[in-house]
């Protein structure tokens, strides 16, 4: 039953990177080779949605071989959530290769080798079902990304690269500890085995609640740094401002999603009771992230920092959706992950194109660019609107589902979080339109702005897929939901699934309005072992 | 009948003086001598205990009363070896640095 | 009673020698004061009935090692120590260190003396005869004995190598 | 037999028009661009008319007619379809939107002929039509929200059309953000609806309400919450008291935009939404009370501000806010059909007024300040007559449309428990003020001596007010102030027929429009009331006011009982009197003795300044919300928390470890005696530890 498609998707970029290393140092050939390899990977990854069996809800295309001894397996599998994230990765890589066509002119070979290695590691993270393998890929993403920032960034790149590396490394050490603790107790690294063991041991009370709580926190800290959740986010603006355009696109587009994917798959998937138990303070952090990210973005003098803080704000929505522990909320969260990858990826590419022309991101250098660069302005407007969450574009679907899921969630104070979260809609409009006006409207103050060349064919080719996808995902979201929905239901704690079902019956038959606004919140499971979900 | 503690006190005093010498003196040879003094102080307590175990036999068979004195013998051997090698080093140091003052022998100073 | 008087006398000589070792500025005089200490110790060993050890003490320590020291002092013609105001660090660290050391050991011994009980003067040849020591040395302590011989050998070679003047 | 009307075609046509103009417009000539725009809008109007005609009440097709195209969003238990909903209410709205929209398209062909970015303007206009039609035809709140935010976007693009001018860009951004605040409340309202009805479709929600499960008392908490959220959303869109600040600034956009968006269609979206969710509002009496109060306050508040404005478009903007206040008031007293009726008539004469003002501005070469206009009666006769009809209509003088719809509202207010004589009185006062400032505008523009027409003024207006000289896009033409090009310096002249034709049509509509709703006591039988009755009565009657609502309609539709008619006549009489008094004062102030207003304003200088500066609301909002927010986010959040606290900790950890390393380095000082000292200390420590062990064991 070992289906080799996933191994292919993961390791084609690695083989490509190897091939690139052997090629002579002719920049043009290297660029084309990198483009062809990444497009090939994208083509292969397109097989996944084609052959995906939309009925089944478990992991598909599974391949499970012994890797190190009997206990550590090379176990890969894809379900509704990870499949689309892999596709997002394989889409963004060729686009980032296109974007860094002219902007990278020295050490081109190393750049593209690192890019392809990064792609391999990212795909691996989403597909790995063996905790050890997952951790290997998780760390593997760090090195190329840190090098990309460190070698090809701008002035403070070393500081940013080291900060990025240390932040993630230190946090993921706790995750390693948790994985090892689990291995010691379960004897295996396999995700479903561990998940089953936890469920069983909760029932028969053989594992203490506090142990599970520590495990939950261990995983949580590693993913919270990556998301980035509010207090742990300061590495993001530095990393983004200093990273080259391609690095930024992948950092924002995919690396941040590894954090939220981890939260959904491991934190909520394996520790449902702890997720419910901790949901209130995590949601508070998420909501703070939304509002704090937006407010700080309002006053940034630097375009890329503004977009970076906007990512903090958007991912706050995703975490809010995940920890609302409702089917709608989690669906919205997964969908918002995909949207954010596209809209923020596009925004970073546009910022990169501006940097190629003006060699700066400071707002005071821009102003009135709509006149010399109308096509660029239109693309920028579409990206901004998708990010602001205008209906009929992808941002709205994700945000709406997250907020309505949180609104109906049984978690404590869920309604308050939803209302504060939806205020993010206002802040989003403020800082993005503020930025749009500063960059595009008004008089042209700097003379060289008058003669700025509009975006050429190559840049348009790299932008069109993202913009078209944004519109399609905004209008035809059921196609994606069809596969995300079963995966989310199987990941979420059964109780939430059941509650969502109950919520539906509750509405269908006799919507007794007298029931208190907050249906009896899932009894917050006390820390003791037996405090399982009702 | 002299209480054993007197001997131990004497040995303690000698040992402390040895340490003081070791810390205060600037001439390497004198430092070396104070080390010898410390070793002698230890020998004293060995012999004192040897005698003590002889007169107050200890239940635990593994302690042979006379072993104290044998240890003294071994301490002396070590002291002799150490003295020989130490003095050779001092000579070598003197040959290269022309001084015996320990503060000047500070090649390791950063 | 005699034992106590003798012990105190030789103890005082011993301590005086040690102090003299510290006080003297010239190494040769401190070497000689060390010889005095070793002799008085030998006598105390006799008090404790360890004739063989006393003899060895005099022969090996006083005879051999101290001679070596004096020889080296003469060889190196070491002058008197200069009064370098030197590292006050040693003073700051050394003096309190020693005080603490002596204090703890002293307090320990004094407080423990009750339980220890005394040791009394042992008559001649009833205890520390040489044959008993020899038997002990060559039966239980045979292995350490052989090791020490190897140690001595290495020490000799070391000394020769270090002492050799490259020509 | 439900005929499939493919309602989705109506909004789709303008979208296709917008796409064509947007993508390929740069290469088209102006004529081609306008042809595409007009064709698609006309086709949409035609299709809408055909659909309305086939579904007209007598045609046997059951209303509301619902067509779903497919599911748009589905997740867990919630799903929202692409559904279209046609009933009497949306029939009126769709006709008004497409009809007035089409006329304004024709008008803009002439008006925008010399502007740069011609294709961009028509692309945005068509885009606006698409979103407005989606809003009106949607069959669920989510699709309506699509239209809701879409029109917000279109108004942002159109207000900021002259983006070279910072004031226009700011106005556009302000409009979008203030609308977004309203949308925030609408969003919360939708979540509440999902939470309690499981779906957002009208038929599902109203079906459950109509199924009578809810008694007003039982669920009043929830319904008031939903109603208040929806109401707050509507205030954002229809520029009511708290969130009206964006409408006056929206005059920065071209005049046809003001006519279409800020008079006829977009601002009425809020009223449409409240009328559409009348079932919810009826169950939330407190919410209705608040709606009425807000409507009334806005009406009087905006009317007073309209008095002092000198810019012709600003006066009309405040008059729009005031008239919207009337409609809100109508909805507040559960007389939704009266509100919709006023909405329709207002769409006609306000669009006419804006377009008339546009043609006046067009004629005098970009001049917007009324003080500089005067005596244009003979120079632009057609515009003059058309604006006169509109002014009389809005003032509410009988035969014209304005009187019937406004009187309908005032009548309903007088009878309703939520209205009552006090609010009715304020309503009449506002009617008086309305007629006063409208005729003030009328006299200042068309009567008095001819200040304009001389070339120098054109120059002066040109130089003084024309900051934006920068070449604009492809058009090499230099740019006049605001939106208008300085037409040839040949002095004042009438606008071309392509602009006047729509004006005439609108004038006819403004005149005829009112006859649709002539109340009983005046002999008519209020067709519009009956037309909308099935929609308005479908939900539960208004709590505790069931009777009066019934009798309000019955008295209208039913027999004209003597005392009933006398009372109604009295009401109508007072409102007409108020209008005439306003006319007289305007005549007195601005025609007979123009110096009178200056004397009065100099006496009441304080109040005048207050009113002139719009009660300093904008500056107030800025000071209360915007500046502190920016200061907070700069000083506290960004510098303080982000860089100070968090980065401080992170970098602090780095420097701390360096410091410790540095200290430890001292130990290896190379001085033998310090090593000896450390050895001694170590020894002492071990001895002490052993002693401690010994002692404690």
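Letters A, B, C and D mark the chains as written, and numbering starts fresh at 1 in each.
Just so we're on the same page, a residue touches a chain if its C-beta (ideal position, glycine included) is under 8 Å from a C-beta of that chain, and two chains touch if they have at least 3 such contacts.
This structure is a prediction, so every number in the text was calculated from the model and none was measured.
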- Item | Pair joined by more contacting C-beta pairs (B-D or B-C) | B-C
- Note on the structure: Taking each chain's centre as the mean of its CA atoms, chain B sits from chain D at a distance in Å of 100
- Could you put a whole-Å number on the gap between the CA centroids of chain B and chain C? 6
- chain C and chain D: spacing of chain centres that average the CA atoms, whole Å: 105
- Message: Please tell me the distance, in whole Å, between the geometric centres of chain A and chain B computed from their C-alpha atoms.
- Response: 70
- Tell me, which residues of chain D touch at least two other chains? 671, 673, 676-677, 680, 683
- Which chain C residues reach two or more other chains? 86-87, 90, 93-94, 97-98, 101, 105
- Where does chain B touch two or more other chains at once, residue-wise? 19, 23, 26, 103
- Task: Could you list each pair of chains that touch one another?
- Result: A-D, B-C, B-D, C-D
- Note on the structure: Seen from chain C, its contact residues with chain B in the complex are 3-4, 7, 11, 14-15, 18-19, 21-22, 27, 30-31, 34, 37-38, 41, 44-45, 47-50, 52-53, 56-57, 60-61, 64-65, 68-69, 72-73, 75-76, 78, 81-82, 84, 86-87, 90-91, 93-95, 97-98, 101-102, 105-106, 109-110, 112-113, 116-122, 127-128, 132-133, 136-137, 140-141, 144, 148, 151-152, 154-156, 158-163, 165
- Task: Over in the complex, which chain D residues touch chain C? Could you list them?
- Result: 671, 673-674, 676-678, 680-681, 683-684, 687-688, 691, 694
- Message: Give the list of chain B residues in touch with chain D in this complex.
- Response: 19, 22-23, 26, 31, 102-103, 105-110
- Listed in rising order, chain B residues that touch chain C in their complex are 1-10, 12-21, 23-27, 29-30, 32-34, 36-37, 40, 43-44, 47-48, 50-52, 54-56, 64, 66-67, 69-70, 72-74, 76-85, 87-92, 94-95, 100-101, 103
- The chain A residues in contact with chain D across the complex are 163, 167, 231-234, 237, 292, 295-296, 298-300, 326-328, 331-332, 335, 368, 370-371, 374, 385, 390-392, 396-397, 400-401, 403-405, 407-408, 418-419, 422-423, 425-426, 429-430, 433-434, 437, 440-444, 475, 477-478, 481, 485, 500-501, 503-504, 507-508, 510-511, 513-514, 517
